[in-house]
Amino acid sequence: MDMILKIALRNIGRHKRRTFLSAVTIAAGLIVFILIDSTLTGIDRMSIDNMITLSSGALKIQTVTYDKEKNTFPLNYGMGEELSKVRAALALDKRVLHATRRTQFLGQLSNYDETIPVVGTVVDEAADTMVFGLKPYITGSYFGPDNGREILIGRQLAQDLGVGVGDNITLYALTKYDSRNADQFRIAGLLNTADPTINHSGVFITYTAANEFLDLENTVSELDVSTKRNSNLGVFSHDVKEIQATLQHQFPSLRVNTFLDLGAGVLELTRAKRVAGIIFMAVILVIAVVGIFNTVFMSVYERIREIGVLRAHGLKPRDITFMFVLEGFITGLFGSALGIMVGSLANMYLVVTGIPMEKMVGKIATASYGISGNIYGEWNLPAMGIAFCLGMLVATVAGIIPARRASKIQVTQALRFA
Amino acid sequence: MFYLVRLAIRNIGRNKRRSVLAVVSVAISLMVIVFAQGFIGGFVASFVKNATKNEAGHIRIASKKFEERSRFYPVAYNVAAPDSIIASIQRDPAIASDIALITQRITFGVLLSFGGNSRSAIALAGDPAKEERLLYLQKSILPPGRYLSGRREIIMGSALAASLHFRVGDTVRVMTSGSDYALHLKKFVITGLFSTGLNVFDDMMFQINIDDARDLLAMGNATQQIVIMLGDYRKADKVAARIRSLIPDTSISVTPWTKIGDTYTTVVLVQRVYGWIYIIIALLGAFIISNIMMMVVMERRKEIGILKSMGFTRREILTMFLFEGMALGFVGSLAGAALGLGLVAFFHVHGLDLTAYMSRMSIPLDNVIYTTLSAAGLAYSIVLGTVLSAFVSIAPARQAARMNVVDAIKSV
Amino acid sequence: MKGLTMNKIITFVVCLLSAHVSFGITPDEILSAIDKNRNYGAISYDATMEIHVGDEVRTKTMKTLGRGTEKALAEFTNPQDKGTKYLKINKELWIYFPSEQDVVKISGHMLKEGMMGSDVSYEDALESDALHKKFAAVLTGEEIFEGHPCYVLTLDALVKDVPYYKRKMWVDKELFIQWKEEMYAKSGTLLKVSHVLEMKKIGLRHFPTKIEMVNMLRKNTKTVFEMSDIVFDVKVADNVFSLQNLQR
């Protein structure tokens, strides 16, 4: 046993190039696997992140009554005194970053020719930018200091109405007391985001404007919360759900929804894409396995003469097979380790810095979809573990069959093999 | 030049095992690439289908005024003689075989009335049998309900029903403004409630039979939309143009999915992302080939030395190895492509059902992927395989060419 | 002597006071006069509603029975709506559909919608509140409107839950009918204008018989409501204005 190990090690040393090639093949397979898995996960995560930063926030808190009636966008059932208490509770959790108030209303936008129904959102212009990321997607400008008559609308909406930045547009809505109001607002900016609902029917005004226009009296229909991002979706979801549970327990008169509750549709599509992703991962694994197998397989055959020599020295076929297995194991270890190391380094870059979306899919994304920003990778340790073991396994096992075959050849034949 | 080719081929034959190994690994890579192509094609087709089936389908025929105001789902601008249009499409030999499904639809906003209150909702009216293959709402029906079968039946989103306190078996009064600008009412019985998991459906929508909708909207025999699904989504522009030529009425527009909404942009996006993955798979396959070629060269040092001492120039050695690599690559590519084609053909007919992998069985999406066949794609893959093999053989071939004759001959 | 002077002074002061009173009419009095005018007991008439949207005109015809402004029953006679009946009792509205022999109540936000796509909302049609209860009226002037001398009244809402925050009326000085009314939103944007196009004297009453309503925020639209065959004080049993009757 001992001797075989020594021989195995020495063989590896002797056939450095071959060993290196095998190891590199294994490493390459692993690196590609890790990076593609991370990128695909990152793409999915991007959709979820977009949803969080554009419409749902990590958590959305409303009163139970409002939650029931939310399809009619009432201006009643707002959060009263609970608001300050919730804010205080949120401040205690270190994972929470910011919270901002918002109120939704139904209205119509008109350029006198056409009237389009819209869902309006009243925002607190300063705090909103801490929780939601609308600003980067604005053509024109965000709300200024004198925003009582300013409005932000979706780009598609603006196009349908034939208006642009700086134009005036009439917004109609019912006030909190069901009185009709209509007034002219100046379009400060157009929004082109990754959320088509915002682009097609999104309208934003400030509380300053709404208190006047809707007789809102600062009614708050929801409190949206942002939390620290975690590169691992599982951990992130867990944290958010924990915060949800604590708050829900403390405030039974409120309904606390997480992005998971609110984004069922987006999450389903993500899962569907995941299936395709998994199939690709399997494909890559297959190729990597084939490559490794190939390399090891071939290297065994190249050494038939050597096997003959060993046999002539009295080594049994079983020992020879075992020697190759060992060599394979060591090569596999080296290759897998190399793969994991380099893969991890590359993945770290992906996780921390990310790839800009434009590089991957070109201008078309930013132009029409309003997607900008980076795809961030994610650490998938179980997958890396599986890949590591698989690499080792294949390298170890790949040598068995040819070694067995080779060691069964008559010694004299083997020696003559060229 | 030709003698080099012959030599290359003979060399391949000499070391059968090694050649077989090389060919097999190229073949496997190619098989995967060809299958991946078919799969991505099928996936994109499925994506397009799911993105369009609830709205305009692959091609929509509707009045121009409707398309302009589609955001409002108007019921006053309709297609007057839908049956004859459909018949003329089905009779046309140029496109009849491209059509997978053709059906009439009406989508409109209504007021649902209950107790003393009314609530707005959106009605989806169509042929219930055909809608089983489009809306798929039959998948999401909660027990003890059932899907639509007869007239005056309605299935409704569970959240919408809950907000109105409706249950299976209740009578629903649907009131709306018809195409004659008069207010109309019709009563329906709820046969089932659906829970799709998607808010847009469960909170706002219900489905009824299109004949009931026509009554309710005083539409006579007209329809708001004719929705067409094709066997191959890529043919939409062409088929739409052909249909356009069959309909002389210029107040009607024929619109392919590529011109409606963001779906087309998304598809291009998705294809680009998967395009990258595809290239990576191809490169991986090529990497394996380069691996083999490097070993080949290493093992044949002696032979190379002999050849050189016989007078072969560097260029000739390089060319010979290059041909070997290319030939191996070509054979492997052909074999792999053939195998891949077999797989793709199988799944093209039978489909790959991913429903089991979806987290909820009730989502109204088509989860079966039919791989797409593409002659161009196949040719591309074979050429890719061959060229990559050749490319990847350059380095080892160069190495062989540069070897020192004396050292080479001495090696074992 | 002292008593007489006292008397004189008092009389003089009283005269002055009554002089003030008799100099001008108060806005509240104008409103009350308008309200009184609208109280005509039972009425029956045939009506035509022309809905103009751009170049299209849709015509609805109906036969109506009413009691004051609180109760009304209208049955449509134009082909598309034939047999459909509307019943108003105070602020509530029900619609009867002959095809289904069923009744639906209209409430909530739908009341703010235009009736049948017209510029008159259900709310506008149902409105019967005494104006002086919810508005503070100010007499802002006098104008001659289409040959009629009118008081111009401006009404500002006293409460928040009114459909229109501000209203401006041109009221005929003699007849106390509104020739024109402008309805404004909280922001001051003009929302609707109603305009009496024709008025007839029927018996002792002056009654507006043709009214035009324009929704200022919709382009090129207007609704014209014309009444004919108007009969006052018809014999109408009260149970005519009931749900049971509606469903028959």
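Chains here go by letter, A, B and C, matching the order in which they are written, and residues are numbered from 1 within each.
We take it that a contact is a pair of C-beta atoms (placed from the backbone, for glycine too) under 8 Å apart; a residue touches a chain by one contact, two chains touch by 3 or more.
The shown structure was predicted, so the numbers you read here are calculated from the model rather than taken from an experiment.
Peer 1: With chain centres defined as mean CA positions, report which chain is farthest from chain B.
Peer 2: Farthest by centroid: C.
Peer 1: May I ask which two chains are joined by the most contacting C-beta pairs?
Peer 2: Chains A-B share more contact pairs than any other pair.
Peer 1: What is the distance in Å between the mean C-alpha positions of chain B and chain C?
Peer 2: Taking the mean C-alpha position of each chain, the two centres sit 61 Å apart.
Peer 1: Cα centroid separation between chain A and chain B, in whole Å?
Peer 2: 23
Peer 1: Would you mind listing the residues of chain A that make contact with two or more other chains?
Peer 2: 72, in rising order.
Peer 1: Provide the list of chain C residues touching at least two other chains, using ranges where the numbers run on.
Peer 2: none
Peer 1: Once bound in the complex, which stretches of chain B touch chain C?
Peer 2: Counting only chain B, the residues touching chain C are 111, 113, 116-118, 173, 175, 177-178, 180-187, 218.
Peer 1: Report the residues of chain C in contact with chain A in the complex, numbered from low to high.
Peer 2: Going through chain C, the ones touching chain A are 109, 112, 157, 159-165, 185-187, 189, 191, 217-219.
Peer 1: For the complex, which residues does chain A have touching chain B?
Peer 2: For this pair, the touching residues of chain A are 17-18, 21, 25, 28-29, 32, 36, 43, 68, 71-72, 116, 160, 196, 200, 264-265, 268, 271-272, 275-276, 278-280, 283-284, 286-288, 290-291, 294-295, 297-299, 301-302, 360-362, 364-365, 368-369.
Peer 1: For the complex, which residues does chain C have touching chain B?
Peer 2: Where chain C meets chain B, its residues are 51, 58, 60, 80-81, 84, 95, 97, 99-100, 102, 104-108, 110, 116-117.
Peer 1: In the complex formed with chain C, which residues of chain A make contact?
Peer 2: Touch list, chain A to chain C: 72, 110, 112-113, 115, 170, 172, 174-184, 212-213, 215.
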